[in-house]
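Just below is one structure, and these are the notes that go with it.
Residue numbering begins at 1 within each chain, and the chains themselves are lettered A, B, C and D in the order written.
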């Protein structure tokens, strides 16, 4: 079932938690709500779940307005960040609870629990209580409780944030596969941009209750709509330098920096007085020898991760980072030369933050 | 099929509000019925003469009523003393029993016993225990070689108040203990595990984790006890009737005398409003003190 | 091991003064009058007599009092728990506008601040005017009113300690709020509920003043009034009073024993969260 | 329709349970007895209870006795009177309460009822002091009650110890003091005297005979307080002297502590009520069987005077069976019934019974009791007595607990009593 937010706003007293949200999730699609803590992403999920009242606007499930329905009438399944397993019930009872509430027959419940447990490799744990489970196991039970019935949508609230890094990568894959095989519309909340980019069909980036950009992961990465998205998505984040455009020289200038701009960007830059130049670390070229037009810098710190090496360096007063092949190494304070890939420069209006063009 | 019905019942906010109303209404109704009429009745009493004329005279009289002042002061001493002791002892016992321990159930049940004793019996039996000649306390002390000639307990001008406080502590520490234990047992385990990893000492664990987490329970326990202590009546009435020489007279006892023994319900009502006002102020202060610093329990 | 020993030592030190008066009441209920005041006190060796128990049961209608107290206390406790738990849940979990939850809570508590000495007369008139004087129902209603603030404040505290997500998870799983309350929240606050129930029962069981004023004949009078009657103008009927006291403690004690099961359960749950 | 969010089975179950329980609790009381009587729990109540059973058998009138604790009897009955509940047809009351009860105007005057039976009033076998407390105003006002139990204070002393130390039964308080000191010196474990000095009714009741013997009083004939008189101060000073030969902690003693000391043989003298007389010679209660003598309250400047403390039977106006109630109290106080009551341990209020040979054989104290009752005085007859008694009790207690000297205590009590009288002109 598709889900649609139309002009949805949520206020807590004076504070605006979500402002005029318009968002459509296609049937079977997995949309990730991405943003820092307090950006309103969890509030959106809870409003959709029916756990939080909407101040204004409407939420649709298919053609039906569900803005004021109770959670059970909406029939979504939700996985909480803390898993919210019922501590006084065994794993089997936890899994069975949604079915029991729906007055299923005992034998049907037992069969379904068995089936789901097998699918999530919980069969040997069925008799245990939640407190006797590891983090990953609890996570699987929470997931099992969601998929045991056929909900209108899955709502996942940071489901992976409480398990350790290694398990997280594995669960991420499991989740993606599971969602694909079940084909259920899914809304997924996270603050982890890697999770967002790997899982989502589309990502909605939020800040301070306002939707910043909605698009496929690669579009978000490669064509950030504004400074916030540019800075938030990507690790390490995009290099951002504020300055102005010298149209006579066809170049971006900031103190200590001078970067020639391609024609397209120059045209776009005419709309703004001050601009911010952005370039992803992997689009920064770095060398020990100078070439024409390259700029000088000094290495601040060099981090090798194996496959690639992250170099943080200073150019005048600016701190920039570059992603170079893992074979390269630099010393502290080593003098380096760098340049930006002209085809992958981003320009933003420094006043509004909007991407140019 | 329930679902179709569900969709009719409308707004979420409204549904919750309706549920809240439904859940609250019976309790509020009972309490309102039982408190509103007596309250208005007492207000009218406190402001009229026996013939029904309006008068502020009863309240004016309170200001020159030195005996009531003394009774109020003693009520505070009684309340503060009993509350402090009961909280300290109750907390200690709750902490002691909040662990796996052979015979824990037995200890817990036995420790509750004083609370079960009818207050009349408790007061009378303590009067007997305190008796300087036949009493078990002095008798035991004497057999241990203690000179008890000056130990008059409830008969001593100086020891009487402390002695009646002790009876209260004996009877009501179990209440604190029971409530705090229930509170302790529902505390989450993670902070403790974390603290153990951090190598905190027992005292640090108590101060930094147990106490802050337990504070809502402490608030409730202290508040409920406070209200009863400020109105203490039965046990003192039987133990000492307020004596010797007014040393254990409390506000409630004094109000009772005026209302029922001197048959001056008007003055009794006026006095009780003074006590009510003080109780309100003290409990508001206590709520602010204990709740104010707690991180808001509301969902983030 | 040494720590454990300390714990036991402290517990025994606490138990001694706790139990001594109770033991003394029991012995007095079994001693003849002449032995009750013996100096030095007779701890163990005295001729036990059942005369006081015979007195209260066969000479005085304590069986009747016991039954009345039982009915009144049980019904009042049950009603107070049902009404109070419902109200406490609403106050803890269903936030109303403008801090009304807090104001209402305080008002509820404030009904317990008025000295009973003052409310007794108007309540007597109220009960008389609705024709409930000298009925157990009147006592039940009054005791429900007495214990409600306790139940509401205690249970509100316990409810607030249950993580809201657990309840929300139940809502998402398809429960109604009330069903989530029954299936998820109430089992989790069972220790608190047990403690509250014990407490209510004790209040209703031992209440004296209102029982005295609102009842008029033996058919509805309760145990505490009967016990107080053993403190006469000239003497205290120590034996009868102690026998009645022992008798009065027994049912509540048995109830507390039964409720123990739920008191421990909280601990075995361990972490409620996650 | 039930809203969908209510689990229906639960609700139905809950409602059913409550309905059953509630129905069980408001079932109508069993058939209403024809007379309901509120009595003081204790020996007086027990006697009346036995009498009621006899009455029921003989006349077919059901009489239900409700025993109420003495400590709360006053307010219980007063609330009933003031609100005319009609719950009780007969009240048993302590005589000092009479002015207060009568002042409510809610007691039935008995003279018209006597007249209906063509009687002029209670017969003259009743002792005058006992009938006087049944009238309001005292002595010659309307008759509101009939006296059922004829208590007055008596002096208890250990005859065996008095003989041992060659002492005669004390006639004056000075002799009491001397004897007490002698006995305390001689017997290490027997205190010379013991008294009720607990704040409230107790200390006042034990102070009154001293006050009267020393020539003092609380109020004079005009109703003015005279507690600051030298006589009153001397009386209190003497009370404090007695305190020094009393057991430690006597300042908190009530009747049962006093009795315990007497019966356990650890005190030699005391003023007490006759209710304890049967216990004195009962080996299951007493360690001093046959050793205690009784005499009239000692005198001093004036002859010894005991305080009267009768239990009276009165009929509230609210009663719906006034005539039936009157028949009952008339019957209960007749000579034969009162004899039976006396057999059950209650002192009578009739002269003939005090002189009855078989009763005299049973109670060796009867001659003394008769004398004591005939010469007894009531505590001051004013509706304000409770308030005055309270103030006096507080200051007497302060003096006995050692907080105030005799003069200070009485001067302050005096000032407070003036305030009380001023407030209630």
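Rule of thumb we're sticking to: contacts are C-beta pairs under 8 Å (C-beta built on N, C-alpha and C of every residue); 3 or more make two chains touch, one makes a residue touch a chain.
Because the structure is a prediction, the values reported are computed rather than measured.
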* **Smallest count of steps, each to a touching chain, taking chain B to chain D** => 1
* Structure fact -> Between A-C and C-D, more contacting C-beta pairs sit at C-D
* Structure fact -> Taking each chain's centre as the mean of its CA atoms, the one lying farthest from the centre of chain B is chain A
* Gap in Å, rounded to a whole number, between the CA centres of chain D and chain A -> 88
* Centroid distance [mean C-alpha coordinates] between chain C and chain A, Å -> 55
* Structure fact -> Between the Cα centroids of chain C and chain D the separation in whole angstrom comes to 35
* Distance from the CA centroid of chain A to that of chain B, rounded to the nearest Å? -> 53
* Identify all positions of chain C at which a residue touches two or more other chains, and write them in rising order. => 37, 39, 121, 125, 176-179, 188, 209, 228, 231, 236, 238, 270-274
* Asked: Using the touch rule from the top of the page, what residues of chain A touch 2 or more other chains?
  -> 50, 70, 72, 75, 131
* Contacts with two or more other chains, residues of chain B listed in rising order -> 6, 9, 15, 19, 133-134, 189, 238, 260
* Quick one: which bits of chain D touch chain C in the complex? Just the residue numbers, please. => 4-7, 10, 14, 17-18, 21-22, 24-26, 29-30, 36, 38, 40-43, 64, 66-72, 75-76, 79-80, 83, 85, 87-88, 94, 255-256, 259-260, 263-264, 266, 273, 275-276, 279, 283-287
* To do: In the complex, go through chain C and note every residue touching chain D.
  => 32-34, 37-39, 60, 71-72, 74-75, 78-79, 82, 121, 124-125, 128, 132-137, 140, 176-179, 182, 209, 212-213, 216-221, 225-226, 228-236, 238
* Asked: Residues of chain D touching chain B in their complex?
  -> 3-5, 71, 74-75, 78, 100, 197-200, 202-203, 247-253, 257, 260-261, 264, 266, 383-384, 386-387, 390, 393-395, 397-404, 423
* Which of the residues in chain C end up touching chain B in this complex? -> 4, 7, 10-11, 14-15, 17-22, 24-25, 28, 37, 39-41, 83-84, 86-87, 89-91, 94-96, 104, 106, 108-119, 121-123, 125-126, 141-142, 144-145, 148-150, 152-154, 156-158, 160-161, 164, 177-178, 188-189, 191-192, 194-195, 198-199, 202, 205-206, 208-209, 223-224, 227-228, 231, 236, 238, 241-242, 244-245, 248-249, 252-253, 256-257, 260, 263-264, 266-267, 270-274
* Interface residues, chain B side, partner chain D - complex -> 2, 5-6, 9, 15, 19, 61, 67, 127, 130-134, 149, 152-157, 160, 237-238, 240-247, 249, 257, 260-263
